[in-house]
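Taking it in order: structure first as structure tokens, then the write-up.
Chain IDs A, B, C and D follow the sequence of writing; residue 1 opens each chain.
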Amino acid sequence: MGKVKSKFETFRQNTNIIIYGTNTFYGRLFDLVLLGVILISVILVMLETVKEIDLKYHRELIIFEWIITIFFTIEYILRIISIKKPVKYIFSFYGIVDLLAVVPMYFSLFFVGTSVLSILRSVRLLRLFKILKHPQFSNQSVHLKQALIASKGKILIFIYFMLVSSVLIGSIMYVVEGKDGGFTSIPISIYWTIVTLTTVGYGDISPITPLGQSIASLVMIMGYGIIAVPTGIVSAEFASFKSRINAKDKINPCPNCGEEGHELNAKYCYNCGQKL
Amino acid sequence: MGKVKSKFETFRQNTNIIIYGTNTFYGRLFDLVLLGVILISVILVMLETVKEIDLKYHRELIIFEWIITIFFTIEYILRIISIKKPVKYIFSFYGIVDLLAVVPMYFSLFFVGTSVLSILRSVRLLRLFKILKHPQFSNQSVHLKQALIASKGKILIFIYFMLVSSVLIGSIMYVVEGKDGGFTSIPISIYWTIVTLTTVGYGDISPITPLGQSIASLVMIMGYGIIAVPTGIVSAEFASFKSRINAKDKINPCPNCGEEGHELNAKYCYNCGQKL
Amino acid sequence: MGKVKSKFETFRQNTNIIIYGTNTFYGRLFDLVLLGVILISVILVMLETVKEIDLKYHRELIIFEWIITIFFTIEYILRIISIKKPVKYIFSFYGIVDLLAVVPMYFSLFFVGTSVLSILRSVRLLRLFKILKHPQFSNQSVHLKQALIASKGKILIFIYFMLVSSVLIGSIMYVVEGKDGGFTSIPISIYWTIVTLTTVGYGDISPITPLGQSIASLVMIMGYGIIAVPTGIVSAEFASFKSRINAKDKINPCPNCGEEGHELNAKYCYNCGQKL
Amino acid sequence: MGKVKSKFETFRQNTNIIIYGTNTFYGRLFDLVLLGVILISVILVMLETVKEIDLKYHRELIIFEWIITIFFTIEYILRIISIKKPVKYIFSFYGIVDLLAVVPMYFSLFFVGTSVLSILRSVRLLRLFKILKHPQFSNQSVHLKQALIASKGKILIFIYFMLVSSVLIGSIMYVVEGKDGGFTSIPISIYWTIVTLTTVGYGDISPITPLGQSIASLVMIMGYGIIAVPTGIVSAEFASFKSRINAKDKINPCPNCGEEGHELNAKYCYNCGQKL
């Protein structure tokens, strides 16, 4: 009995190393295979919505879908078995995502033809964000995250300002252009303002009166100019980040006089001439 | 009599703390409620312009509108009563906005069916900008403002340059493309140039001759490139701002006068000459 | 005779101060009036191309045009008379522009109905660029110019890279999409590529095959990403500019030890404690 | 015999200097002529696809094409003869490109009417990238390259994040908008998301339901805002680059070892310890 338990324990540990670890060969192989299967599963969900493909290969798509679902089910069970705190995993964000990647297919056995369930499967896409936690990328994405968090306050104020401006400009355009130009209501005018201010410019709605076109020109120049604001904020954040890292690289105190700020390739203290 | 006056004085003071203050619980609650009511009032103005909704719920919209108008009226009166210098408030920018948020509804009692009055109500939207003065945001928005003010000169010259270029390019395109491509007059051609230069690109007017398309390509590349100019200006401003703040953060105060902001290699306080 | 000459000399000097100077009241007034007249003349050229306006007010437009032409003629003659080196002015860029602003109208007396002459009048628009030389703006525009000149080399390589990429992508899209999607020739495909790469996106030509749309998606992401390159170049130039100016502002040598780099508000040398 | 060989050797050396060198007059002339011929050959390939031109000038285009092909063939042979390691050149990237610029025309003698071969000729376009290796530009393009390589990691994560977000938003829009708005399948919806997120905005597909337009507005603001991320990354890289170069420019060399790049307050050389 103890032997069985220890054997199971060994199995759990090995599984844990393979599934959660990234240092062993099998651990990295598993990550790669999983990434591939997730990508295939996402592509499957996409293809099912393309009419021509679904009509021709409906059978094949369903078979593939079941293979992937069973693969994900086994993976989900192994994840629960091999982790130390299964409950914490199950109720974590990625735990729920892992479950939602599997459940809709089983439900589809009982409720036929529900397209909502079919769409729910695309939740598995969220598993692709997990890759950003991978040690190879986490360092870089942490930098990105920190710079964005640091500039969060200014960015939010900027977005607030843009939204209120959009409502204001939208209301003005509704009065100026009227229903002929497609500005049939204030919400539609606000939609047009955002389309214009962000320089997207679909052209489904566009001003036709001279006054409307003049205001639109101002909105475009405004939109073209104020893109400088978020860019400037984030740039400054990245630059200050960068220079702090550079500054840290430089600092090597001199053993003689304690002076800091030597370049990495310095051989002698620039202050007292002591060999470093 | 004195008691009544003192009672009224207490009421005024309490009202002032609630309406203008942000430190007490009721003060913050009032701000939140007011923000909510303004948002609802703005949404109401929007919905009235959506034909389907207005036809179905015209009665309800009017009732809601009156409730909000009365709420704003009471708020406006309380603001005048509780402030020390009511005249200054009344003729201030936000004082006029607060009044304009209320007046159109009362006018609509006498002048039926004037849509201009209905639109005038959207002036109350401007009250949403007031939130940027809130202590929680003011610090961040002051930074944004200062950086924009510092780069104002360069930005204005840039916009002037862009407008004159637009007129120039618009005139050329009018000659090159002619009326077939939709370039029916120079003002329309200028409108097209701005649409293109700011990379909005509606597509309501687009060149059809090879020469016109070649010039358009140059304009696009120009527009794509010169967005770097406002962005560069504002980025530099933010970065210089940032580094000044960082510099101040880093440096310990003078033991004598408490002045901060000494350079790392400073030996004496730059303010009082005390040895550091 | 000498008296006449001296009188004429005085007139020349006064005219020179008014036309070329910016320090006296009349000098500044003249600049403002001239700017106004140029703006009006540009608007006149624009309005003549708007059919509805030209039909109604043709006579009035012509009269206004003649008034402005005579004003410009007198100004041109006064400029030649009052300047010391008239030949240099006549053959300078702005000298030629000033002449071209006037000549077409006189030609129109002999050659009736030539729209080319009418368009040539819009050359006077170039006079609007002269304002950037005005002392009030020249300081700022010099900064802009220097930063752009410093980054000229990198920007040119970037544009070269973009153009070659556009030809390459355009050729690929021509093969992939074929004539159905509007990609009727390689030049048209290149035009589409530039429209897409610069994120303008008219929508007059857009891919319809899945492969074409996939390549288009890549081109868009590429275009969205590489806008960072010119922006980054110019931003770095502005920032380095800014910090050099900041650095110069700071430098105040200490009269005692000669140490530089004091803040503007420094009262004592940070190195030796000497009062500045 | 030896004389012949030495004569051939001299020819080889002279050819090498002209073709590969950039220091002699003939070397620079050859580069200019070659650039011109490549440009003409690229324009030829383009023009052949324009129906009207091909119908009129088919004969002339073919003749020109053969002249250029023979020119390129001679150049290719001379390159192989005059270089020291011909095998290395033949299998290098630009060696293969040089060959592909020539081969299709000869193949067209045997396989008539194959448009694929005609298109393959546009590979010669890649030769235009070679110019970036020219000493005049290489310095600048190396800077650009290094800054881009340094920010590669962050840019890749950003693109990954954008692609996954596009799939996610595309799936949501497919469910929300349905087939009426043109969102006929998830791949098409993803295509729309990328068109919107990158602010291109063709307008071939655009949301028509209020909910779809609201989500689209969020996507646009998101796209407008996150352009700050790549721009910020690259800007910071360029700025840090710039400041390192500036730092090196500023500082005088050590009188003992000639090492440059000492800080302004350095008293001793960091390389040899010599007093500065």
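Throughout what follows, contacts are C-beta pairs under 8 Å (C-beta built on N, C-alpha and C of every residue); 3 or more make two chains touch, one makes a residue touch a chain.
These numbers come from a predicted model, not from an experiment.
Peer 1: Determine which of the two chain pairs, A-D or C-D, is joined by the larger number of C-beta pairs in contact.
Peer 2: Higher C-beta contact count between the two pairs: A-D.
Peer 1: Where among B-C, A-B or B-D does the A-C interface show up again, with more than half of the contact pairs the same?
Peer 2: Matching more than half of the contact pairs of A-C: B-D.
Peer 1: Looking at C-alpha means, what's the farthest chain from chain A?
Peer 2: Greatest centre separation from chain A goes to chain C.
Peer 1: If you average the Cα atoms of chain C and of chain D to get two centres, how far apart are those centres in Å?
Peer 2: 30
Peer 1: Measure off the straight-line distance from the CA centroid of chain B to the CA centroid of chain D, and report it in whole Å.
Peer 2: Each chain's C-alpha centroid was found; their separation is 42 Å.
Peer 1: Any chance you could list the residues of chain C touching two or more other chains?
Peer 2: 158, 187, 190, 199-203, 223, 227, 231, 233, 235, 237, 239, 243
Peer 1: Of all residues in chain C, which touch chain A in the complex?
Peer 2: Touch list, chain C to chain A: 199-203, 231, 235, 239.
Peer 1: Using the touch rule from the top, collect the residues of chain B that touch chain C in their complex.
Peer 2: My answer: residues 153-154, 157-158, 160-161, 164, 167-168, 171, 174-175, 184-187, 190, 196, 199-203, 206, 210, 213-214, 216-217, 220-221, 223-225, 227-229, 231-233, 235-237, 239-240, 243, 261-263, 265-275.
Peer 1: Within the complex, which stretch of chain A touches chain D?
Peer 2: On the chain A side, the touching residues are 42, 45-47, 49-51, 119, 122, 125-126, 128-129, 131-132, 137, 140-141, 143-144, 147-148, 155, 158-159, 162-163, 187-188, 190-191, 194-195, 197-204, 223, 227, 230-231, 233-235, 237-239, 241-243, 246, 261-263, 265-275.
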